[in-house]
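Going in written order, the chains are labelled A, B and C, and every chain counts its residues from 1.
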Amino acid sequence: MKESSPVPDGVCRSEVECREQARSNLPEIAERIIDHCENSPCYTHIDSEPIPSEGFVADIIDMFRELLFPGYFTREKLDPVNLRYSLGQTVSKLFDLLADLITHNIRHDCLRYHQSCSGCESRGHSIALEVMNAIPDIRQVLASDVRAAFEGDPAAKSHDEVIFSYPGIYAISVHRVAHRLYELEVPMLPRIMSEHAHSITGIDIHPGATIGGRFVIDHGTGVVIGETTEIGNNVRIYQGVTLGALSLPKDAGELLRGKKRHPTIEDDVIIYSGATVLGGDTLIGARSVVGGSVWLTESIPPDTTVMMEMPRLIIKDARRKAGS
Amino acid sequence: MKESSPVPDGVCRSEVECREQARSNLPEIAERIIDHCENSPCYTHIDSEPIPSEGFVADIIDMFRELLFPGYFTREKLDPVNLRYSLGQTVSKLFDLLADLITHNIRHDCLRYHQSCSGCESRGHSIALEVMNAIPDIRQVLASDVRAAFEGDPAAKSHDEVIFSYPGIYAISVHRVAHRLYELEVPMLPRIMSEHAHSITGIDIHPGATIGGRFVIDHGTGVVIGETTEIGNNVRIYQGVTLGALSLPKDAGELLRGKKRHPTIEDDVIIYSGATVLGGDTLIGARSVVGGSVWLTESIPPDTTVMMEMPRLIIKDARRKAGS
Amino acid sequence: MKESSPVPDGVCRSEVECREQARSNLPEIAERIIDHCENSPCYTHIDSEPIPSEGFVADIIDMFRELLFPGYFTREKLDPVNLRYSLGQTVSKLFDLLADLITHNIRHDCLRYHQSCSGCESRGHSIALEVMNAIPDIRQVLASDVRAAFEGDPAAKSHDEVIFSYPGIYAISVHRVAHRLYELEVPMLPRIMSEHAHSITGIDIHPGATIGGRFVIDHGTGVVIGETTEIGNNVRIYQGVTLGALSLPKDAGELLRGKKRHPTIEDDVIIYSGATVLGGDTLIGARSVVGGSVWLTESIPPDTTVMMEMPRLIIKDARRKAGS
């Protein structure tokens, strides 16, 4: 097999000749991309159902948002007459796309892991219908999220501003749909959706997490909520909060799959920015407040405030070296 | 009202029949999306002025960046002749879009909150013109930001690299425009713009914040700068810095709206990564340095260095459990 | 020069007249955008090679990902026959775009800094070919990253899910290509690519960083890895980890350019969320574990666990003020 061989400078006599000379190496490179890994484990997704691209998932999410907040994310002005028409169209279009997408994802895993694949398509329709059916209820929970965000934030000018621009609302909207797909055991799609929301908002909610109503994430960048987290009603968290797992032995992936590894947060809890709560047995009791940057690996009872004893500050003349 | 009813497996005899059977539920679902919330408060944006989508706002931001750094974000090569032509076109196009967008946003709030809406359109033109008029000055301030970023960063290879690729420059460019719109009391649009920048950069600057020249945000992910923050000249902050509000009672939204809730940072201050400065009465004096991870809720005088007394580190053999 | 002059309300008698009146100011604004900075240093990118837009770079990255994980990010289903055809096409298309892009970037710096520019184009071809040639090896290293991510994460359902949706895999894929371009001394492009990945994932890896195989970034938002960082094999880091430089005097940019300023991480190290490791002389010995939120500016020997002594928690009744 040819070694890496850039065109030696000066050998080609014109730009055109140089380019052609360089291009002559391409077929061999393409072969090596395919063959190089034949005796070692690389990843090539061959003879598999294609999984729709991230851009496609973004379209699906946009349609869900159109239905969850009708009239907010459409270009045309909706009135009581065209509302039904516009919504009906989106419902129909989203169902078709979603049914196909779910079918693809199910069939992908069937083909990949050599399981039986009969009925993939009708499972796709059936699950898509379940999810569409859930939209009216998700709409009501999201409305409670919007009200809670508005009530607690002095910078919010209107409910509309919250819906149009708050990343926390975006993230929880996507989560409430992705969580339904996760419950219905659709492979991959829920996680691709949640990672899209993560990319847009910096908020990383695993689709497995269970989250009650009136949930508020303020600012949100850096928030991580793990797969087996359970969150009650009326909980408010700030940027940089981690609800995560305790440290794992190196081979923990296999051992802990499916186990409860992330904390439980009861109703009416507030967790301030940068706080970390870890472990599947850790429970934050109702109405408790976890202060900024607190690191918790044990449960606290209801009605508790936990704050970090502030490290002593060292204060000196600024013209010396900062050391940080 | 019909309950959630997925197609029972096996009842339909072909894929086509299954799909049709599932689809037959869609009109009822569309009705429920509309009606389900009629007796409880959901959010439907009906009979309201449509607010342009996030994608549309992204286009507006791109045009502003073309004018703020002419020639950097255009595909064609600009020379002294076509510069005037290209710029003139962008000025004209941006004005039209911006005037429409501002008019929409103003009219939206008029219709929504039953205020008088006469003159919305001419207010739209007038404000758009004010903002366009501000571009030359914003250009100069941004140039000072670029120089400060370059001078303080050993990884910066050229001023061009800073303009092309630094997320801090993106965020402060959008902020300086959004802040002008905020001052002119345009509803929603400034916040939608700042959230777009937040999504792109992980830097969350409320359009209300007042920020001086030579402002540098390095790396920037997780930075939060609240609505009533005031920042002087030549200030440098790092990733994960919060300039925020003190904790609020649950119903604080209404009480504190419009009050000074976020800190004041004087000239020549440096705030290292992960530091948190909270409260409307908190003032960081000129030339002070706030060390990494410091948590401050009180003022410090000029020329002060504040560092955290490092928590004692516990050092042991790594083959035991990490506990973190 | 005319002052900022919004249309006075009431002077225009119709919307059309108002708009025209406002528009009449635009040519003068365009002139001021160009001229305002003539006597002070603004940034206009004139008579320079245009640098392709961020969107264009996104396309290049998508093509690299198609080649690094064939079949994963294509819409059509690949089988052993069309795999060669599809891949060959992408190789050829990517080479052409990449060669042009590299040539543009090299020529940009030549024109900008008045260096000799002969052979820019053949250097562009030669470097593009080197990078294409590196893809098979990058593919193997990335496969080791995917396996390490899967093995250590109980939430991962399959290797495919990791490839399709993990932001850490996205970031390290882009980094491994951008690092090759950085080594070949292509200006700007590597940094624009890494900032694109930063924007998508919240993970900020400077293209200069050297990173071994089986590298895992979990969640990742807020991670910063500086230009002269060196990371061994089988290292795992979590969200919010900074591998950075010590604080700098204000004019450090020029003095420290090119010097080793960021830490060295040896094989098999784990660094938990929010930890900060700073300084070019700081070395984390093999198999060590750095606990969450630890702040390190000194080296630690191999097989060491470093944890923060937890600040004492203050626990009280939650109905008092939270103070955070």
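Please note the rule applied: a residue touches a chain if its C-beta (ideal position, glycine included) is under 8 Å from a C-beta of that chain, and two chains touch if they have at least 3 such contacts.
Note that the coordinates shown come from a computational prediction; the quantities given were computed from them, not determined experimentally.
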item: Classification of the subunit A:subunit B interface as same or different, half of numbers criterion; value: different
item: Subunit A on subunit C, rotation in degrees - Cα superposition, rounded to nearest 5; value: 120
item: Chain centre separation (subunit A, subunit B; CA means) in Å; value: 20
item: Multi-partner residues of subunit A (each touching 2 or more other chains); value: 202, 221-222, 240, 247, 270, 272, 274, 289, 292-293, 308, 310-311, 322-324
item: Partner subunit B, residues of subunit C touching it in the complex; value: 4-7, 9, 12, 15, 18-19, 21-23, 25-27, 29-34, 36-37, 40-53, 108-109, 112-113, 187-188, 191-192, 194-195, 198-199, 202, 204, 206, 208, 221-224, 226-227, 240, 242, 244-245, 247-248, 250-259, 261, 270, 272, 274, 276, 287-289, 291-296, 300, 303-311, 321-324
item: In the complex with subunit B, residue positions of subunit A that touch it; value: 67, 69-80, 83-84, 87-88, 91-92, 95, 99, 119, 121-123, 125-130, 132-137, 139-140, 142-143, 146-147, 150-161, 163-167, 200-202, 219, 221-222, 239-240, 246-247, 270, 272-274, 278, 289, 292-293, 297, 308, 310-320, 322-324
